[in-house]
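Shared between the two complexes below is chain A, which pairs with chain B and chain C, respectively.
Right, the complex of A and B next:
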């Protein structure tokens, strides 16, 4: 049952990823990306990582993609279509770089298809609870990186306001 | 296997009840709004107009399904579905009552008890907004596009305020599961300790489901129905159903988070009344309130809505969270 759902979601995620790069219309690409994100969220859920599942839905699928689509709405899509024809040489480079990245991702999988298993398996997460585990780790072992990340986000926030507002 | 049958049955029952309630909430809204505006409302189809939702449904089915030229066809067709599916999925995590025994088998009154139900609801309500956004864009209509932009901006702004408001409730309950949040309110409801959060949540929730006075995406007066301007027949009906399903689920979530779910306050119990009755009664009262305020308040302006969200709701929610934290630490 779980395996079947996993394969369906994995297939949907890959199909969405292919859609992102192959659709001509940017909004269709963004929608395909949304599909990928939701499928990946379900895969997280299958592994009992409920918190990551909810955050993936909320932040990535709900917030980030919403803003991306928002920006695409404001673009002049016809000009994009015209520019596409000029980028022949860019395609070759893109395929080369993409292939290299794909190969480097395959290296950890060499030997076994499942990869390495860490301490936090699905069973362990089911016992502890993913929210409890994550918050314990964040506020004890990883407190400094956590706080640094929040300061970094704050800097980004202030910077965005400073750039967007011409007169403060 | 038993579990599977039970789940399928529960999903079927909840789905049927939800769609039935959606149909009759439209009638309630039209009747009640009519009374508020000193007119009768629908009263021709059946006694007291009770068959009106059926007539509406049939009419939607038989109307011509117009797809205008130059629309983005796949997105145009997909958008109503994207609007409706998350609205229905939210109901999966709402607990309706205590467990009951049917045929010697303990049946819990919720489809699933997710550990992160509150976050799941926030996530899905964000995804639901894509329906209006994509529908407005795909219609290839300027009013539609403006409605779409407004819908997206409004959802993002108010979802933040809503999330911040919920943090104080989560801190008090110590859980993200709606069942546990309700179970913590058998004696004192959360609204007694968090009246500010309750008001904030209702305001943010109304903005989130695009209800008057926050119905900027469809503002009839200026946008001529906004994002759904080009939609007709069943596609329009799907948007409509999504709106009412969101309204019902907002009422149900508010009851679970603030109004004690299926519990009466101070541990009161009334014999022979099943607990699910209190849940339904509270949801009904909240829906009546939503209709009432729609008949009362005029629509806000767009900049007023953004100001309210970012400059009032967000700071108040953060201060509320801070105060909750300090008080909880002091009391221990």
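Right, the complex of A and C next:
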């Protein structure tokens, strides 16, 4: 059952990813991307990452993609015209590079993953739950990175406003 | 419970598709989306291995990757809007102001 859900979501994610790359109209690309993000969110849920599932939907699907779609609407883009013939060889090279990247990413699958196992075992999750466990880690061991992330978001916010405004 | 190999395979596929997209497409907004696609692939492998190792660290890294991705998207789109205002184009091969 779980495996079936995984395969359906994986197929949707790959189809959406191919759509992002191949659709001529950027709005269609953005909607395909939205589908990919939602299917990946379901896969996060299957991997017992409830918090990541929620923020994937809220930040990526709800925030980032809406921003992208708003910018596409704002800019009133013309359709991307057909690529000229001289780009054909470039396309072949790009697909070759993509294949090489894919093959190199398969290397870790040949060996087994080793590493320190953490304390987020099923027993601990039953006692306090995954979100609570994560927040415990985040607000104790990772407090400084967390605060730095908030500073980064502030800088991003100010930078985006400063860049997009016509005149300060 | 999903075998983590499946998720790693899916994340490799997503990363490769995003990589091809960055090389093939010319629209800067689509390029940004392809970068988000690659970040999503990386996040998926973080989550899969965190599930395999019972570790919270992978999930925390995903949290930070998402923070950086959100900031990157906001600043990148602001640059695109500014670019469109000045050059009336969002195609990567027409933006060659810094070319010598």
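Simple rule for what comes next: the second predicted complex is superposed on the first by the 128 of 168 C-alpha atoms of A that agree within 3 Å, B and C clash if a C-alpha of one lies under 4 Å from a C-alpha of the other, contacts with A are read in each partner's own complex, and residues count from 1 in each chain.
Definition applied: contacts are C-beta pairs under 8 Å (C-beta built on N, C-alpha and C of every residue); 3 or more make two chains touch, one makes a residue touch a chain.
Bear in mind the structure is a predicted one, so any value in this text is a computation, not a measurement.
Novice: Could you tell me whether chain B and chain C fit or clash when both sit on chain A in the superposition?
Specialist: Once chain A is superposed (C-alpha atoms), there is room for both chain B and chain C without a clash.
Novice: Name the contact category of A:28: first (chain B only), second (chain C only), both, or neither.
Specialist: In the superposition, A:28 touches chain B alone.
Novice: So, does A:71 touch the first partner chain B, the second partner chain C, both, or neither?
Specialist: second
Novice: Touch check for A:138: first (chain B), second (chain C), both, or neither?
Specialist: Only chain C; A:138 stays clear of chain B.
Novice: Chain A residues in contact: does chain B have more, or chain C?
Specialist: C
Novice: With the two complexes superposed on chain A, say which partner A:62 touches: chain B (first), chain C (second), both, or neither.
Specialist: In the superposition, A:62 contacts chain B only.
Novice: A:12 in the overlay: touching chain B, chain C, both, or neither? Say first, second, both or neither.
Specialist: So A:12 meets neither chain B nor chain C here.
Novice: After superposition on the shared chain, which partner residues are touched by A:160: those of chain B (first), chain C (second), both, or neither?
Specialist: Only chain C; A:160 stays clear of chain B.
Novice: Which holds for A:54: it touches chain B only (first), chain C only (second), both, or neither?
Specialist: In the superposed model, A:54 contacts chain B only, not chain C.
Novice: Superposed on chain A, how close does chain B come to chain C by Cα atoms? Whole Å, please.
Specialist: 13
Novice: Between chain B and chain C, which residues of chain A are contacted by each of them?
Specialist: 51, 55-56, 63, 67
Novice: Inside the complex, what are the residues of chain A that reach chain C?
Specialist: Per the touch definition, chain A meets chain C at residues 2-3, 6, 10, 13-14, 17-18, 20-21, 26, 29-30, 33, 36-37, 40, 43-44, 46-49, 51-52, 55-56, 59-60, 63-64, 67-68, 71-72, 74-75, 77, 80, 83, 90-91, 93-95, 97-99, 101-102, 105-106, 108-109, 113, 115-122, 133-134, 137-138, 142, 145, 149, 152-153, 155-157, 159-161, 163-164, 166.
Novice: Would you mind writing out the residues of chain C in touch with chain A in their complex?
Specialist: 1-2, 4-21, 23-27, 29-30, 32-34, 36-37, 40, 43-44, 47-57, 59-60, 62-64, 66-75, 77-82, 84-85, 90-91
Novice: Using the touch definition from the top, list the residues of chain A that touch chain B in their complex.
Specialist: Those in contact with chain B are residues 25, 27-28, 31, 34, 38, 50-51, 53-58, 61-63, 66-67, 69-70, 73, 129-131.
Novice: Spell out the part of chain B that touches chain A in their complex, as residue ranges.
Specialist: 72, 74-75, 78, 114-116, 119-120, 122-127, 129-130, 133-134, 137, 145, 148-149, 152-153, 155-156, 159, 163, 176
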